[in-house]
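Before anything else, here's the structure in question.
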Amino acid sequence: MNPVNYLYLAALLFTIGAAGVLIRRNAIVVFMCIELMLNACNLAFVAFSRMHGNLDGQIIAFFTMVVAAAEVVVGLAIIVSIFRTRHTASVDDASLMKL
Amino acid sequence: MTTTSLAAEASTGEAVQFWILGTVAVLGALSTILLKRAVHSALSLAGTMIILAVFYLANGAYFLGVVQIVVYTGAIMMLFLFVVMLVGVTAADSLKETLKGQRWLAAACGLGFGILLIAGIGNASLKHFNGLGEANAGGNVQGLAALIFTKYVFAFEVTGALLITAAVGAMVLTHRERTERARTQREQSEARIRDGKQVTPLPAPGVYARHNAVDVPGLLPDGTPSELTVNPTLRGRGQIRDVSGESLAELKALEQRSEERLGRSEEAKR
Amino acid sequence: MSFPLLTATAAVPAIGAIATAAVPAAKRTVAKWLALLFSLATLVLAAVVAVRFTPGAKGPFQLTESHAWIRSFGVRYELGVDGIAVALIALTALLVPFVILAGWHDADPMEGPEPNRRWRPTQGFFALILAVEAMVVISFEATDVFLFYIFFEAMLIPMYFLIGGFGDRAGSGGEEHSASLRSQAAVKFLLYNLAGGLIMLAAVIGLYAATADQLGSGTFSLTEIVQARADGKLALGTGTERLLFLGFFFAFAVKAPLWPLHTWLPGAMGESTAPVAVLITAVVDKVGTFAMLRFCLQLFPEASSWATPVILVLALVSILYGALLAVGQRDIKRLIAYASISHFGFIIMGIFAMTSQGQGGATLYMVNHGISTAALMLVAGFLISRRGSRLIADYGGVQKAAPVLAGTFLVGGLATLSLPGLAPFVSEFLVLVGTFSRYPAVGIVATVGIVLAALYVLVLYQRTMTGPVKSEVRAMPDLKARELAVVAPLIALLLFLGVYPKPLTDLVNPAVDHTLSVVDQHDPRPDVPVKADAEAAK
Amino acid sequence: MENLIALLVAAPLAGAALLLCGGRRLDRAGHWIGTLFALASFALAVPLFTELLGRDAEQRTLHQHLFSWIPVGGFQADVAFQLDQLSMTFVLLITGVGSLIHIYSVGYMEHDERRRRFFGYLNLFLAAMLLLVLADNYLLLYVGWEGVGLASYLLIGFWQHKPSAATAAKKAFLVNRVGDMGLSIAIMLMFTTFGTFAFGPVLGAVGETSEGKLTAIGLMLLLAACGKSAQVPLQSWLGDAMEGPTPVSALIHAATMVTAGVYLITRSGAIFNGAPDAQTAVVVVGAVTLLFGAIVGCAKDDIKKALAGSTMSQIGYMILAAGLGPIGYAFAIMHLVTHGFFKAGLFLGAGSVMHGMNDEVDMRRYGGLRKYMPVTFITFGLGYLAIIGFPGLSGFFSKDKIIEAAFAKGGTEGWILGGAALLGAAITAFYMTRVMLMTFFGEERWRKAPTPSPAEPSVEPAAETRGEYTPPHPHESPKSMTIPMILLAVGSVAAGGLFSINEAFVKWLEPVTDFEHGHPPLSASAITTATIVVMVLGVALAYFQYGRKPVPAVAPRGSLLTRAARRDLLQDDFNHAVLVRGGGELTRALVQLDHSVVDGAVRGTAASMGGLSGRLRQVQNGFARSYAVQMLGGAAVLIAATLLMRGV
């Protein structure tokens, strides 16, 4: 088997995650989908590092994780505070960008 | 250990593993985005992540594999679940689309995107893989460490700063300072009188002698449930358990049972 | 390194603009005098330029300055003047002081029932005028296409504020109403010219690309491009050249303005104060026609001669159309605006007649039209400021109440209908002859324009100045000293240039000949060339 | 000596500048200053004349080159003067008659508070007219040509407060502009043909040019002449021009300016000689106009308009003569000069009459004035006799010669032209007699209150005051007015005779306008007698109509022709209907079109832009997820782009 399949898998997962972001209204689920996309990227990185035979890909994946963690923390905090004030976690209700 | 002999070409064992676990991962991802309840999504996502961890290991990223399990499926997913709990375990958002055409657009874009990605990968010449053999020679963790603390040290430091900032930010966002003194009971009652909507204290939840759980609304004299009796958070989650119906059902069941007993007793007479 | 005269000529008004703007709000009069001072200084510098310039010296441009500016794109800060540019710079520098003097009180804070509801920043008014002058001057001097383009466009900004911010108090139907009309006119002016400018920008970039892939390193320098053309190193494809030409020409035709791109002018001139209107038509619009002469023709000779028939027809239409519409106007300033459209038709016709008479005449026409329109428009402005109305119907018999005003108005009008003895006649006749000698039919049709010109001028004069005295007009004061100081020199100039235009023609002729040689056109020979000894024979 | 030529022009020009810029402080002396400058140029003209007489015929051309005016490429226009016999004649006429009329105006304009300005304009006119006749090239001539147009505009509209005057002035200028168009086109043609437009070279090079070109130039020149000299079809302005003060009518619209057309044609004789078709056009115009003017002159009750009609017809004679070529030029000029005298005299007389009659112009309100203003009567009478061609007076000689020349044209053409000329003579006699009788003879109609006349509503009765009618008190005019009249009368009596003494005048002009004797089919004496006979007939007819029976104070409705003639043979109505109204409609339509179509397109674009952006605004619905879709779409597009770029 050719390891390139990992890349296909990553692409697939990424796409699924993206679709999830688009169709789900619950902010938390949207966040999960984002995590899914990030993970897909990580997989790709790892596969690439295997391809090139050096560890930089893994380093990047590592950093991605760190950033993802930070992002999740802040994001969830935001969700919580929004929920507090608006009693909902639906992204559609927070259509504040509209004039 | 197979690390040293981790070749460019994946072994058949790995192939089998890939095909099986890959399928599962995709299913997990799909269920993440398709299941109604946030909890289920979270759990299936966790599953997918674990599988990814396995894949990392298979690709010679042992450190990452472990981190993936520990950090992601351990910490982050727990955080998710925690928030889900906070926001409402059973809060099931309907998958019914509200935005016009959103779903179709999403499908179109998603498909197009995916196809393009895969096409891109397909015609990118990625045939030749030179494995991590020598890269991992001194052990994967040592290799990573060497890189992190030499080449990527600044990025590493910055991520540290980022994490701290994120933590502080999260605190600031979630922590609510009580600025004003809590209102006394008197003041509250006076306020109630003033705006005159709900003069009396709010009625307690629960149906006496049956349910006294906080998510069960009290019944009004006509047997209909009163929203007021349930606390607003539950109301907001839409987690009010209406028991007026089932209590009636239980009553019916009771009568039936009694009839059966009576019937059996009659047979016993014969 | 000699003293950068041209830079100085453009810089002085620019500095003046900043200085004027910096004057504190209370010191209005100081600002006025400062502005006047700087404009006069510019006039002096322009005079120096005219003196230092030696007509007929070899080389297309003189007093040149050249510094690298944006190396990566071969943009150079390159200035230089030929006779045409000198004439127009002189015109600009000459008119601006009069404009300032005429607009002395136009930007004072409003008095009246609701005092200073719209406070007009006097400093701003004069600063903007000086800014316009600076930009116009430098775009006359620029021999680098990109440099020219920048100021050609930048000019719009101060003009926009001048038009939109300062109308005459004679707005029909209240300050509010006229203010809205004003801003409409200003926006229209801006968008119209921006559209033209952007199309030109595309063409400029195209030109750069063309030079880049043929000369190796792209350049915007007019001289270099013309030289390369002459050496045959640069040969644009016919299609490319035509497209580029159209891109340039469109912008200039909007600015000029040429029918049917003229509709911004009447609004802009009608709504703005008379001095600003003069600035528009006598100074800023000249950049358009000037640029046709300098850039369109010299950069794209073939395309120019290719487009000539169409352009001539359009010019012809402008001449007659503008004149006829002028006849039909009810608003003095709009009438003058349409008259200007007709005149610009003449100028463009002369430029594209591709004869030395035509182009020399066109250049003279730019100068003379500047002066004559300034005279007419400014007097009209004085008239309007007295009565508080722009409608012709509101006047009548002014001649009796204010004879001097009427007299100057008449002279301005006669200049507009290009009466012999006044400057515009010379240029108009040259244009006509120049056109006629190559395109007789066009020339003959264009002559109808002179009859129409007489019609709209005389009708205007008759309706406003003659006839029984209207009651509102009876107490109208005659021209004040300041106003006379504005008009008298202009009229004197009109007379002088009408009787003795030789200095101007000597200045312009070599430049025109150079242009023609670049375009590779020659005057048609008369079919019976008269021998020099014809006098002797008689 | 040559250097004096420029001064001829400069003197009155200086006067004009002084008077027009001088301001009120010159008001008191203004009229004398103006007169002074006019006389000065006359004083300059006389020594030049003697100088010319001193030389022998071929050397009688002086040139003065001042400076190069418009040098552009092959186009070389100079400010240079040429004084030869032809222009000398004009100079004398202009300055002489001009000075007289200046003097006359001193008295006539006495009570006008804008008298200074009036004299300024008069001086301006003199300058322009002199420039016209002294220029040595067509372009400079054009300057003078338009200059006199301007002066006439200013003077016709001198009483600007009268709308009629302002309108008349505007009309005059516009119609003249049409003519000027012709002149400028002619100059362009000359430039393209010869590469120059100076008299000498152009006329010298006529030989090598194709007849077609010459015909074109000739026709254009004719158009110019029509405009300036009020010839059909551009004659309509002259009648209205009478709105101006009478001295103006005398000087500009009788003696000098209107004859500029004749000068132009005579000056360009060589061109016309080379273009027979153009010549034909000229004679036709002349013949038509001389009848047209005469007929109009018969019908007008306004004394000045009647005289204007007569002017028109007399100039018709001149143009006719000029069209005949070398046999006619000299006589055209001769008639021009004599006409200058007697017509100026007649106008001044008319002015004097009006002066005495409170500016009444309607001849039906005159009558029997001879005893009240004898001098006017006599001078006017002499002018009258001169114009009808009474034997021995100047008009007789000049007109008779023209008629001869017309016959001499030869062939049927000759007969037609001669006939027309004779008929014209008859009508002239008729209407002039009519004027004479209605003004100075018959009952004194002015004693009765006027009844508004339906025939000529345009004439506003200036004399009557509100309430009861006070008849005017006719009186003789002051010396300053009578003296010029007397001098002109002398001129109109003597001039013709003097000129004809062994053809002095013709010989004088011959070097410029080469002259050849015409050979009429009839003997000269026969033609002369015929002329006298028709003249007598005309007088008799007029006498029987106006002398015997009393003249009705209100114009009778009259025959169709009369009514048409009163309205300038409907030519004005035509102009009004076609040009004025049609033009008005056209401009209105164009204004509308400019707003709705041309500008409409622009505004349409703007509006559509607005609409489009409004539509696009809908995309920004504020829902994060739809933005996300757009982002993903964008990303997809980017990937696609990159793939395509990499050339899949």
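We call the chains A, B, C and D, going by the order they appear; numbering starts again at 1 in every chain.
One rule holds for everything that comes next: a contact is a pair of C-beta atoms (placed from the backbone, for glycine too) under 8 Å apart; a residue touches a chain by one contact, two chains touch by 3 or more.
In this text, all values refer to a predicted model and were calculated from it rather than measured experimentally.
Asks: Need the central chain here, defined by C-alpha centroid distance to the all-chain C-alpha centroid.
Replies: Central chain is C.
Asks: As a quick test, compute the distance in whole Å between the mean CA positions of chain B and chain D.
Replies: A distance of 104 Å separates the two centres.
Asks: Roughly how far is chain A from chain C, going centre to centre by Cα mean, in whole Å?
Replies: Those two chain centres are 63 Å apart.
Asks: Centre to centre, by mean C-alpha position, how many angstrom separate chain A and chain B?
Replies: Roughly 14 Å separates the two chain centres.
Asks: Centroid of chain C to centroid of chain D, CA atoms only: how many Å?
Replies: Taking the mean C-alpha position of each chain, the two centres sit 37 Å apart.
Asks: Give me the residues of chain A that touch two or more other chains.
Replies: Those would be 18, 22-23, 25, 92.
Asks: For chain D, give me the residues that contact two or more of the other chains.
Replies: Those would be 621, 623, 625, 629, 632.
Asks: Can you list every residue of chain B that touches 2 or more other chains, as numbers and ranges?
Replies: 99, 102, 105-106, 109-110, 113, 117
Asks: Can you work out from the touch definition every pair of chains that touches here?
Replies: A-B, A-D, B-D, C-D
Asks: Applying the document's contact rule, which stretches of chain D touch chain A when the two form their complex?
Replies: On the chain D side, the touching residues are 620-625, 627-629, 632.
Asks: Within their complex, state which residues of chain B touch chain A.
Replies: It is residues 6, 8-10, 12, 14-15, 18, 22, 25-26, 29-30, 32-33, 38, 41-42, 45, 48-49, 52, 55-56, 59-61, 63-64, 67-68, 71-72, 75-76, 79-80, 83-84, 86-88, 91, 93, 95, 97-99, 102-103, 105-107, 109-111, 113-114, 117-118, 121, 126-136, 140, 143-144, 147-148, 151-152, 155-156, 159, 162-163, 165-167, 169-171, 173-174, 176, 232-233, 235-236 of chain B that touch chain A.
Asks: In the complex formed with chain C, which residues of chain D make contact?
Replies: Its residues touching chain C are 20, 67-75, 79, 139, 142-143, 145-147, 150, 153, 157, 160-161, 163, 165-167, 169-170, 173-174, 177-178, 180-181, 184-185, 187-189, 191-196, 198, 200-205, 208-209, 213, 583, 586-588, 590-591, 594, 598-599, 601-602, 606.
Asks: Which residues of chain D touch chain B in the complex?
Replies: 621, 623, 625-626, 629, 632-633, 635-636, 639-640, 642-643, 648
Asks: If we count contacts the way the header does, which residues on chain C are in touch with chain D in the complex?
Replies: Its residues touching chain D are 188, 191-192, 259-260, 262-263, 321, 324-325, 327-329, 355-357, 360-361, 397, 399-400, 407, 414, 419-421, 425-426, 429-430, 432-433, 436-437, 440, 443-444, 447-448, 450-451, 454-455, 458-459, 462, 465-469, 499-502, 505-506, 509, 512-513, 523-531, 534-535, 537-538.
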